[in-house]
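What follows is a pair of complexes built around chain A, which joins chain B in one and chain C in the other.
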Partner chain A sequence: MGKIVRFKNPPKVISVGTVAGAKESEGRLKGYFDLCDKSDKFGKKTFEQSESEMQRLALNFALKKADMSPNRLDAIFAGDLMNQCTGSSYGLAAFSAPYFGLYGACSTAAEGLILGAMAVDSGYFDTVATVSSSHNSSAERQFRFPLEYGSQRPPTAQWTVTAAAAFVLGKSAIAGNAENEKGHSCIGEKNGVCVKITEALPGRIVDKGITDQSNMGAAMAPAAAATLYSYFKESDSSPDDFDMILTGDLGYDGHAICRDLLIGMGLDLGKGFSDCGILIYDRNTQDTHCGGSGCGCSASVMAGFVMDRFKKGEIKDVLLVGTGALMSPSSVLQGLSIAGIGHLVRLSAR
Partner chain B sequence: MTNAQYKKYADERAATSPVLKNTVKAFLIGGVICALGQGLLYLYMWAGAEKQTASTLVSVTLVGASVILTALDIYDSIAKFGGAGTLVPITGFANAVVSPAIDNKAEGYVLGVGAKLFTIAGPVILYGTLASVIYGVIYVIKSMVLGIV
Partner chain C sequence: MGKIVRFKNPPKVISVGTVAGAKESEGRLKGYFDLCDKSDKFGKKTFEQSESEMQRLALNFALKKADMSPNRLDAIFAGDLMNQCTGSSYGLAAFSAPYFGLYGACSTAAEGLILGAMAVDSGYFDTVATVSSSHNSSAERQFRFPLEYGSQRPPTAQWTVTAAAAFVLGKSAIAGNAENEKGHSCIGEKNGVCVKITEALPGRIVDKGITDQSNMGAAMAPAAAATLYSYFKESDSSPDDFDMILTGDLGYDGHAICRDLLIGMGLDLGKGFSDCGILIYDRNTQDTHCGGSGCGCSASVMAGFVMDRFKKGEIKDVLLVGTGALMSPSSVLQGLSIAGIGHLVRLSAR
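Right, the complex of A and B next:
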């Protein structure tokens, strides 16, 4: 048995919702988010509460677009970067749906999509939501320095994305089952297609001994490369079959390392190979150094930009490798190395 | 690739900070802050303060200015440009104390502001005090030795 999870009845993406902050609203993907708040506060007093509010808003948008009541959710899979994942628990409490808190560092969006799709395909749940977020200010406070502290960031540092995104996944219609076919709409429907999660390859923890907290891209690149290599080794598909192959938040340096590692292993992913952290900001004008990072990075790029391209029929098949750096401020101070993980999800509208 | 090889590979290809450019900027901004301090010293002395009082007033003024600029979300932008030029003078110390105070206000005045006020400046105070104690001991021993001779 192979390691790729091939969903028997691939769950469909019913709808998505995204909210983002000021920097994201000025970046290369401006206009792809449902709501942007230039103050980054979302009407709340603290940045931690703002992040919770972002999750609430993102899921609200997704449900609203699908014209769906929160009662329809059989479960929510959600996570963020804050201690004890309070961004998710406080933000999603109001939906009173069964809740699973996840921590996959910045890979949480992909981790949520895998688990959500498994829960739906296994038949235990009909409809689930996956939500993830990061907030630059809450992350800076927790992982680095106070916001107003005057310091310089090294060139390899990345900028934590202020964004939250929600995906609502549901059981696909089973041909011949009248009751099931009445189900909810699907992204891409207007173009006669339906975006589905067709495959997944859960990542393994890879630790290559990087200890520099400001070079997360290098810490995560080997994990992403390992997952992509295993995928293409086992899969019948070739890189050319995909319109986009995206890593989560390796940034410019990490993505280049990942590409080189794969080429070294004899796998060239070609032009469609990019990174959500590279796509989200304008490197030349936004002073974001190596690009974006955080749970909200891959989540908002996928739910905002990639889903929009699916909807317009511009793309048919996408691979996401959600990347995460598994560390804490204490582990870094204790000199432990930063391990990475890369969770792969295939989204297909064929 | 072994972990050591990978670490070396990643370090080698990582972009490095523009040291020369940063040094020049630090020199300029640090120099401006120090020149400002010197100007203030002359100003206070001109206004009638004695030199020692005037230099205390200079410190108070620079700390006050740094606190206000930190609160107005300006200091971190100057520091981003000036680097060590803003870190080393007394203004950097003030910024290091005030920024955690602003940050942790929501967690309360005792366990938020009170407990976290010195999270950045604490080591400077601790090891600064320790260094001055060691210096004092050496100074005393040196005076005793020289006194006997």
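Right, the complex of A and C next:
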């Protein structure tokens, strides 16, 4: 496994923005999004263009909350699930910032946070944004079947989340600086803290031979377990040091597999160990089978719910392992098994 | 435009690897690839799996030439044109290194070199690889029509190159160190120089309203021109300081448009200004219309031909502007215009 990246000057989370669709606005995390559109269309004619608009809106919210002009952005790191990542390229063109396109499937939010934090900590850039999204309707017709078919989903299937989220990251040297411009501060500052990205552990591709594309959680769980095991083997920290350890997004079955794999390796991550795909929907009232998935799931759970808990002072230290299934409809039709990856990011407010 | 990134400790190019297909093995740059397979299949059953195998082979060549074990890689930055970038994920899983998936269309090679160089220069990683590929047959059936249709291509169309290339980048502090391990040296060392990545200027998304997906060169030319104009406006260098200034890949028409746009802005890049899509094929004997394109085009021209010229001491300073068209077949069918981007990398052997 790679070495843990320990940021010398941990980049701070200046601001976040989230938008979501109908199902998300009725889930357990309703109220944590900046905007919900129950039509899932966001004023656009196609689902693909709606997803682009969601990215634009999410970054716009993040910039507005920080009272920051788009021309302050030294770079954008962004990605989504759509072929050729057009959710990002068309959604973010208007910001006219240097642009790095990413493809990490559902791990994109974590991948973006790692690369964005590295770019800031290394001194190349002062301020960057990371953006990611998924849209249930653009994903279903691309990865599976047209919605109009009304295909029955198996119990192991996860529900692609309709959401986008943006993080604006900045140099930590600015934190607490009285000469800091209005608003260019930090998540958590009202409580005298500042949420920063302190560590990262980029994941490796792990392929354990799962071929069922309706069971992505099982395909990604070994990659998440490998990253978490490596992290705690190398780190001075123990699971008890974290208020939340989140995978994103394995769903109910995948998360149970990941927990079992880690316990088999002698690592019990305890009560704080959950999954963004489990947190986002209400299992009792919403029929999503195994929970949420998609680039927008972990992104919006982190930017919405988790950042809110940081702001309120309820939590101090969180690990996110963004998990991605790196297959395509073609690779599945050609009989290849599904490769997974898990990128780890540590966020601390101390 | 963004600021020029000037690497403090410019990462060196330790090694490169290239593989290519039939048409490339008969083009102007035949002899510059480590391996050509005239079947275009590389021992695999499908074109998609052939493309993955090309990525694996290219990185394998680069590592072997440097006498380096894969477990020395601290990270891989990779991407391709296939939906969900499976050329990279399936091709590189075997190396078991921390993996960052990129999507920059034909700009992926340059995007990878920028991010890889930043990761090394910043001290997070000692050694990284950047890999990219394209395959004419996987691209044609995904972006346009099944090959069996025998569709007629318009004169403005470019030919997707079947090639993959890998760069291994390392800390420049190792260069010239007598205790350096065998082979972990530098392209150009036999001539007493070392090819390094000295500067970068990440591009912005530029959309000038081109909707013809058979004229990608025109769609990408304004982005390339914008990046080059910004570079020479901000830089102390003049076009005369460079032996080659290459776009990759605008093809004949797109490159002429880019040259015209720059001359209109008062910037004449002179004789050394060319395009990887122009260099790779022989216009007199090979019917590729407007020249080459695809993630593998600029990647293999740089890793093969340009690195060979560096090795021979023929050139000292090169600018590459990797250009990408960030649309998808769906975005084109939905009537959106084609957004372009141009990422600049400077390679110097001084």
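Here are some notes:
Just so it is clear, the second predicted complex is superposed on the first by the 338 of 350 C-alpha atoms of A that agree within 3 Å, B and C clash if a C-alpha of one lies under 4 Å from a C-alpha of the other, contacts with A are read in each partner's own complex, and residues count from 1 in each chain.
Convention: contacts are C-beta pairs under 8 Å (C-beta built on N, C-alpha and C of every residue); 3 or more make two chains touch, one makes a residue touch a chain.
Just so you know, these numbers come straight off a predicted model, no measurement behind them.
In the superposition on chain A, A:Gly150 contacts chain B only, with no contact to chain C. By the document's definition of touching, both partners, chain B and chain C, reach A:Thr46.
In the superposed model, A:Asn215 lies in contact with chain B only, and not with chain C.
When both complexes are overlaid on chain A, the residue A:Leu115 reaches chain C alone and has no touch with chain B. After overlaying the two complexes on the shared chain, residue contacts for A:Met68 are found with neither chain B nor chain C.
Of the two partner chains, neither chain B nor chain C is touched by A:Met302.
Considering which of chain B and chain C touches more of chain A, the answer is C. Of the two partner chains, chain C is the only one touched by A:Asn83; chain B is not.
Touch criterion met: A:Ile257 reaches chain B, while chain C stays clear of it. The contact surfaces that chain B and chain C form on chain A in the two complexes overlap at residues 46, 207. For chain C in complex with chain A, the touching residues are 1-3, 5, 46, 48-49, 74-75, 79, 81-86, 89-90, 92-93, 96-105, 111, 114-115, 118-119, 121-124, 142, 201-205, 207, 324, 326-331, 334, 336, 339, 341. Contact residues on chain A toward chain B in their complex (touch as defined above): 45-46, 141, 145-152, 154-156, 207-212, 215, 218, 222, 253, 256-257, 337.
On the chain B side of its complex with chain A, the touching residues are 1, 3-4, 6-7, 9-11, 13-17, 22, 70-71, 73, 75-76, 78-80, 83, 86-87, 92, 95-96, 98-100, 102-104, 106, 119-120.
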